[in-house]
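Input: structures, listed below.
In what comes next, subunit A is part of two complexes: it sits with subunit B in the first one and with subunit C in the second one.
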Partner chain A sequence: MEKLKRSLTAFIVPVLSILLAFAIGAVIMALLGASPVQALQYLLKGAFGSRANIGTTLSRATPLMFTALCACFAYKCGVFNLGGEGQFIIGSVAACYVALRSGITGPAAAILCLIAGALAGGLWGAVPGALKITRGQNEMIISIMLNYVATLFMGVVYTNWLRDASVPQTEAVPEATQLPRVVTGMRFTWALVIAVAVGLLLYYFLFWTSTGFKLRAVGFNMTASRFNGFPIKRYILTSFIVSGAIAGLGGAAELLGTQLRLINGFGAGYGFDGVAMALIGQLHPIATMLVAVFFAALRTGSTTMQAATGVPTSVSDIIQALVIVFSVAGMALVKLPEFEAFRLRVFGKRGRKEGVKA
Partner chain B sequence: MSFVSNLLLATVRMAVPLLFIALAELYSERAGMVNIGLEGLAAIGSLVGFLVCFISGSTWLGILCGALAGIAVNMIYAVATVSLCADHTVYGMAMNIFAPALASFIYRVYFGAGSDLSQIELMRGIGLPVLKDIPFLGDLLFNQTPMVYIAFALVAFTVVFFNKTRAGLNYKSVGEHPKAAATLGIDVIRVKYLACVICGALAGIGGAYLTTCYSNTYSEGTVAGRGFIALAAVIFGRWSGGGVLLACLFFGFCDALQIRLQVASFGLPYQFFQMIPYLATIVVLAAIGAKKAGPKASGKPYRREER
Partner chain C sequence: MEHISKRFGDFYANRDVDLSVARGEVHTLLGENGAGKSTLMNILIGLYQPTEGKIFLNGKEVRIESPSQAVALGIGMVYQHFMLVEAMTVFENIILGGRNSSGIFIDREARRKEILELSERYGLDVELDKLITEISVGAQQRVEILKALYHGAELLILDEPSAALTDIEVEGLFAIMRKLIGEGKSIIFISHKMREVLHISDRITILRAGQVVTTVDRAETDGQALASMMIGRELSGSHYEKRVSKDRPVVRLDRVDYDKASKHNGLNGVSLEVRQGEIVGIAGVDGNGQTQLAQLVTGVIAPQSGAISFDEKHVAVFDPSAFIESGVAHVPEDRNLQGLIGSMSVADNLVLKSTGTSAFSKWRGLLLKKNAIGDYSRKMAQRYDIRCTSVDQDVRSLSGGNQQKVILARELESDPSLLVAAHPTRGLDIGATRFVHDQMIAARDRGVGILLISADFDEILEMSDRILVIFEGQIMGEFSGENPPIEEISLAMTGR
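For the complex of A and B:
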C-alpha cells in the first residue's frame, strides 16, 4: 500500500507539473496574441500528426534518450554527472574519426564507430569520476568544465583537422557506414533501437540484479553502504564511466544516424536536457525515455506551431523548463510533513473509515 | 611591456564579472545555501541588463534591472529550497535550465527571430582623480568603469562584514549550525531568504556586467560557464572574501591570457587557447583537493520543527 502510494505520487507529480507548465505556456501564447487552443493543436499535430511527424519526433528523441539515461544512471549511484554533453560530443568526435579515417566502411565500420564513441565517452566520464574519488573534488564543476573543453575540441576537429574544404564542418559519414532507418518513410534510425535497448538494459541491471541493487544503495545512502563494506569508490568511478559511455555511444549513434557530420552546435544543450529528463522521470530508466519522447515532441511540434500560428518555438523551451521547475519542487513538497498532515486533514475521514473496515 | 600591461588590464576586466558571481555564491553558501544555478541567474541578468540598456540607453538602469531580474528568478529557488526543502543541487540545476530558456525567449520575442545583432553603448570608464596618474597602477586599477570599483569595494565590505560585525557573524552561524543560530534568536529562514536575495542580485549584476560593460551585444552563450567557474572560485578562495578575490583574479588572468594568446595565435587552432580557463579550473580544483573549509551546514535543508 505504501509502495503503491509512493509510485502514484511519483506519477502524479510530473503529470501535474506538465499540465501546469502547459497552462502557463497557454497564457504566454495568449499574451503573444495567438489562440492557445489552436497553437496547442498545431503543436500536437506537428509532433504526432502523421507517420512522418512521429518519425521525426522519435528521431529527435533518440539523442535525448542517451543523455537522459547517462544522467539517470550516474544519479542512481549518487553522483551528479553534468558532463553528458561533453561525453556525447567526444563520443561523436571519436566515431567521426573512425568513420572518416579508418578506411573501412559498411556495417562493420558502424559498429566500430559506436564502440569508439562509447569508449571515448567512458574515458571522458572517467575524469570527473577519478578526480572525485582520488581528490574528493566536486564532480559537477569538473564535468561541466569538460563540456566546454569537449565543445572546443570538436571545434578544432571541424574547423581544422577534419574540415571539409571551405565550410567549417566535417565531411559526411560515408553512406555505407550510416545507421539506416528502421521503417521507410519515418526518420528514426537504428540509433533509436540502440537507445531503447540501452534503457531496457539499465532498467534490468538497476532493478533486477544484485549489483544494480548495491549501486542504488550507494546512491541512496553512501554512509550506510560504506559501513556495509561496499566498495563505494569503485562504484562511483564505474558509474561515471558507464554513464559517460552511454552518452558517448549516443554521440556516435547521432552522428551515424542523423547528423552525419560534425558542425557548430552539435550536441549543444543535450547534457543539461538529459539531467532534466532524468529528474522528471524520477530516475527511472523507462520513465526517463518517455520524458525524452515528450521533450522531443515539444521540439518537433513547436516548429509546426511557429509556422502555423507565429508563436515562437522558444515557448516550448519555456514549457520544458517549467516542467522541471514544477516537478522538482512538487516532489519536495509531497515529502514535507506539513503536506502529509494537510493530506490527512482533507482526505483523513475516508482513511479512518477504511481503517475501521479493515 | 604593452603586452603585460594589456594582459593585466584585461585580467581586471575579466575578473570583475566572476567576482560578482562568486560573491553571490559566497553570500549564499555562508547562509548554508549551495546555489549551482548561478549560470542561469547570470544569463537572465545579462539579458535583462542588455535589454533595459537597449531600451532606456542607461547602463546603470540596465545593471539595476539585471540585479532585480536575478533576485526575481532566485526567489523561485529560495521558495523551493528553503520552504519546500528541495535538494539544493537539483534545484540549482533546474534554475540553470529555466533561466537561460527564459532569457532566450524574451530576447526572441523582443527582437524577433534571426535579427542581426543589436548593440548598446558600453559603460564608460571613470578615472579617479590623482590616483589614475600613478604610473602603470593608475591605468590598471583607477581608470576603469565604476563597476570595477564597486566590485572591489564589495570585497572589502564582505571581509569586514563576515569577520568584524555581529550581523556578519550571525549570518555565518546560519551556514555553520542553523539550530544553534535559531536558539540564539536568529531567524534562520529570514537569513536564508535574505541570502537568496543577495545572491540573485549579485549574480544578476555579474551577468549584466557582461553585456553592459564588457561585450556590447547579447548572445545565448554570453555567460560561457562563468557561473560554474565562480563556484570553483569560491572553493578555491576558501569561502573568504579575500580568497575569492584572488581566485577570481587568477581565473580572470586565465581568460585574459587566452584572449591575448588567440591574437598571437602561434599557428595553433584558437580553440585550444579558449580551453585555458576551463582547464585551469579543473587543474586548480584537482590540486587543492577536498579540504573541507566551507560552511558546515551548506546544502542541508533546515526545518524548524526538527530537533
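For the complex of A and C:
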C-alpha cells in the first residue's frame, strides 16, 4: 500500500509534465497555423508508425540510455556526475583505437572494444570521484571540465592519429567488428540489448543487493551512513567509476553499432540529456530507460512531422525542454511543505488520519 | 518585563515572567538548558511576540515587533555566535545597517570619529581597518559590543559572552562590562558558569521551566544556593533500581584529548570506564564536549592523544564500522541527520547495518530476502511499539518518538556490549521517554554497558548507576547514582 502510494506520486509528476509540455506544444503548433492533432499524429507515426520507424527510435534511444543510466547511478549515491559526455567520448575513443589498431577483427574484437570503452570511461569517471574524496573538490565542476578535455582529445584523435586520409574523421570500424542489428529491417543493434541489460543489472544491484542498498543509503544521507559504519568515500569513488564505465561502454557501443567512426560532434549533448532523463525517470533505472526511449521518439518523430505538416522540428525540441522544466519543477514542488498542506486540505480525511497516526 | 508568557502550542516556554533591569546594573539570567532564557530574550529583542504580558522601557509601555525596533529603542544583543560579515572590515561591520544613513554616500570620516570616541570611552580596543577574519574571537566580540553601542544601545544583552573566550579575554570582557555600567548602561548577562555569575552580577534572576524562581542580590547569595535554585529539585527517587557493577569494563578511556584548547567542543584528559551491566551518566550543560565524547566512543572521530580500549583491547582503527564490529551501538544525538535515512522505509532503517547477514540476504548479500526483512520489521515494530501505518512507510514521516524507537530497535537488536546513547529522549513525549528508558534498563540488566550522555539532569538522575560530570571538556567528578548528591553535582556542572 505504502509502496504503491510512493510509486504513484513518483509516476504522476513526469506524466503530468509530459501532458503539460504537449499541451503547450499544441498551442505553439496551432499558432504556427498547423493542426495540433494532425501534427501529433505524424509525430507519433514517425516514431512508432512502422517497424523501421520503431527501429530508428530505439537506435536513437540507445546512447541516451547509456548516459542516462550513467547519471542515474551516480545520483543514487548522492554525487553528481555531469561528465557523462566526456566519459562516453573517451569510451568511444578507446574502442576506436582497439578496433582500428589492435589488428584483430570480428566478435572478439568487438568485445575487446567494449571492455576498453568501459575501462576508459571508468578511468575518466574516477578522476572527479578521486578528487572529491581526497581533496574535497566539487565533482560537478571537475566532471564538466573533463567533458571539454575529452571532446578536444577526440579532436586530436580524428584530425591526427586516426585520421581517415585527408578527411577530419577516423577510418570506419571494420565491418566484422561492428555490432550487428538484432532484427533485420530495424536499425537498432546489439548495443540496445547491452543497454537494456545494463539497466536491468543496475536495477537488480540497487534494489536487490546489500551493497546496492547501502549505496542508496549513502546517497540519501551521507552522515547517517557514516555513523552506521558504511565506508562512504569508497562508495562515492566506486559509483563514479561505475557510472563512468557505463557511459564509456555506451560510447564504445555507439561507435561499433551506429556511428562507426569518430567525427566532429560525436556524442555532443548526450551527457546532459542523460542527466535530465535520469531526473525525469526519478532515478529509477528502468523508468530512466523508458524516458530515453520517449525522448528518442520525440526526436525521430519530429522529422516526419516537419515533412508532413510543416511544423518545424524545433517544436519537438521545445516540448522536450518543457518536459524537463516541468518535471524538475514538479519534483521540487511535491517536496514543499505547502504542497503537503494543500494535499491534506484537498484529500481531507484520509490524509489527516494518517498524519495523526504518524 | 511584566507577566510575560510565551506559549508554543500547549507548551509554555515562559510563564508569567517578571524581570526588571535597573540602569547601571549587570543582571544575570541563570537557568538550565530549556529554562526559557532564550525565549525571554527573543521577546525582548522583538523576534517573538509574547502571548501575554507587557514590556516597559523607562516606565513607558512599549511593543517591540521587530529586532530593528528593538535597536531603535536602545536594546542591543550580542549573540553567542557572532553576527559579523567576515569578509568585511571592522569599520564596515560596525556601520552596517546603521542610523544616519542619509542618501547613498557614507560620510566615512564622521563615522570613524564617532566610533573611535565610543571605543575610547568604553575601552573597546579594536582595529577598524582589519577584516573580521584577521582578528581574534575576543576582538570580534568587542566589535559586536561596539556595534551595539554605536547603534545606540542603552540595554545590552550578552548571551553566554564568555563561551568562546580565553580566560584572559574573559577578564577583559568583565572590565568592559564594568565600564559600561559605570556609564549608566544596563546589561543582561546570560551564563552557565557560576564563577563568572558570582563575579560580575549585581542581581541574579533564576529561571526554571519557563518561570522565575526568584531574583536575588549578589551580595545575599552564594554558589551553592544558586545552583540548587537553578536545578530546583529534591531527590524524588528513581523508578529504577540502581546497581553497582563489579563486572569487567566494556570500554575504557585513558586520558583522552580531542581539540583540548576548545572548551566547548573538545575533551581534555578524559578518563572513564563503563562496565558490563551499568549505566554511566554524563551530566553537564550542553556544549561542554559531550558531542565529541559520544563521537569518540563510537569511532566517528579519533582522539588526538590518549587511548581507548574495548574489553581490554586497544583500539587502533578509528572508524565507525570497526567500532560497530567491536559491539558498539550508538543512539546519536541528532537522529535525523546521524541515525536515520529519512527517505528510506522503516523496514530499511531497521536492517540498515545487517542487510549483508544471512538472515536478510542470500549469497553474501547478493540477493536481499525482502520477505524476511518485512517479517522482521513487523516483529520489531510490535516489540518496540513503533507506531506506523506500515513498515514500508518513509521513516521521516514518523513522529520523533517513533523514529527514536526505530533507532533503539536497530541498535539494541545488534546485541551490543556497549550502547552509547546521546540525548536519547530529547524532544520525546512522556510515554516515548518512558519506553526508551525501560528499554535501556532492560538492556543494562541483560549485561549491556551503557554510556548515557544527556543535558537533561532529571534523565541522568533517573537512569544512571554512576554519574560523571563534564565541564569544558573535563570530567569534574564522579558520583554514585544511588542517592546522588544533587547540589554537589549541579555545582560541578557549573564548573565549581
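In the analysis below, the second predicted complex is superposed on the first by the 346 of 358 C-alpha atoms of A that agree within 3 Å, B and C clash if a C-alpha of one lies under 4 Å from a C-alpha of the other, contacts with A are read in each partner's own complex, and residues count from 1 in each chain.
In the analysis below, contacts are C-beta pairs under 8 Å (C-beta built on N, C-alpha and C of every residue); 3 or more make two chains touch, one makes a residue touch a chain.
Keep in mind that what you see is a predicted model, and the values were worked out from it rather than measured.
Novice: Classify the contacts of A:231 with the two partner chains as first (subunit B alone), second (subunit C alone), both, or neither.
Specialist: Second partner only.
Novice: On the A-aligned overlay, A:210 touches which partner chain: subunit B = first, subunit C = second, or both, or neither?
Specialist: Only subunit C; A:210 stays clear of subunit B.
Novice: One more residue to check, A:321. First (subunit B), second (subunit C), both or neither?
Specialist: first
Novice: Check whether A:152 is in contact with subunit B, with subunit C, with both or with neither, and answer first, second, both or neither.
Specialist: first
Novice: Counting only touches as set out at the top, which of subunit B and subunit C does A:329 meet: first, second, both, neither?
Specialist: A:329 contacts subunit B only, not subunit C.
Novice: Between subunit B and subunit C, whom does A:223 touch in the aligned arrangement: first, second, both, or neither?
Specialist: second
Novice: Of subunit B and subunit C, which one contacts the greater number of residues in subunit A?
Specialist: Partner touching more subunit A residues in the overlay: B.
Novice: Could you say whether A:197 touches subunit B, subunit C, both of them, or neither, answering first, second, both or neither?
Specialist: Neither partner.
Novice: Which bits of subunit B are touching subunit A when the two form their complex?
Specialist: Of all residues in subunit B, those touching subunit A are 36, 76, 79-80, 84-87, 89-91, 93-98, 101-102, 104-105, 108-109, 113, 224-225, 228-229, 231-232, 235, 269, 271-272, 274-275, 278-279, 281-282, 285-286, 289-290, 305.
Novice: Applying the document's contact rule, which stretches of subunit C touch subunit A when the two form their complex?
Specialist: 298, 300, 319-321, 323-324, 330, 332, 337-345, 348, 352-353, 355-356, 360-361, 364-368, 387-390, 392-394, 397-399, 402
Novice: State the interface residues of subunit A toward subunit B in the complex, per the touch definition above.
Specialist: Per the touch definition, subunit A meets subunit B at residues 32, 80, 82, 127, 131, 135-138, 140-142, 144-146, 148-149, 152-153, 155-156, 159-160, 272-273, 275-276, 279, 312, 314-315, 317-318, 320-322, 324-325, 328-329, 331-333, 335-337.
Novice: Help me check something: in the complex, which residues belonging to subunit A touch subunit C?
Specialist: Residue positions touching the partner: 1-3, 6, 208-211, 213-214, 216-217, 220-221, 223-231, 354, 357-358.
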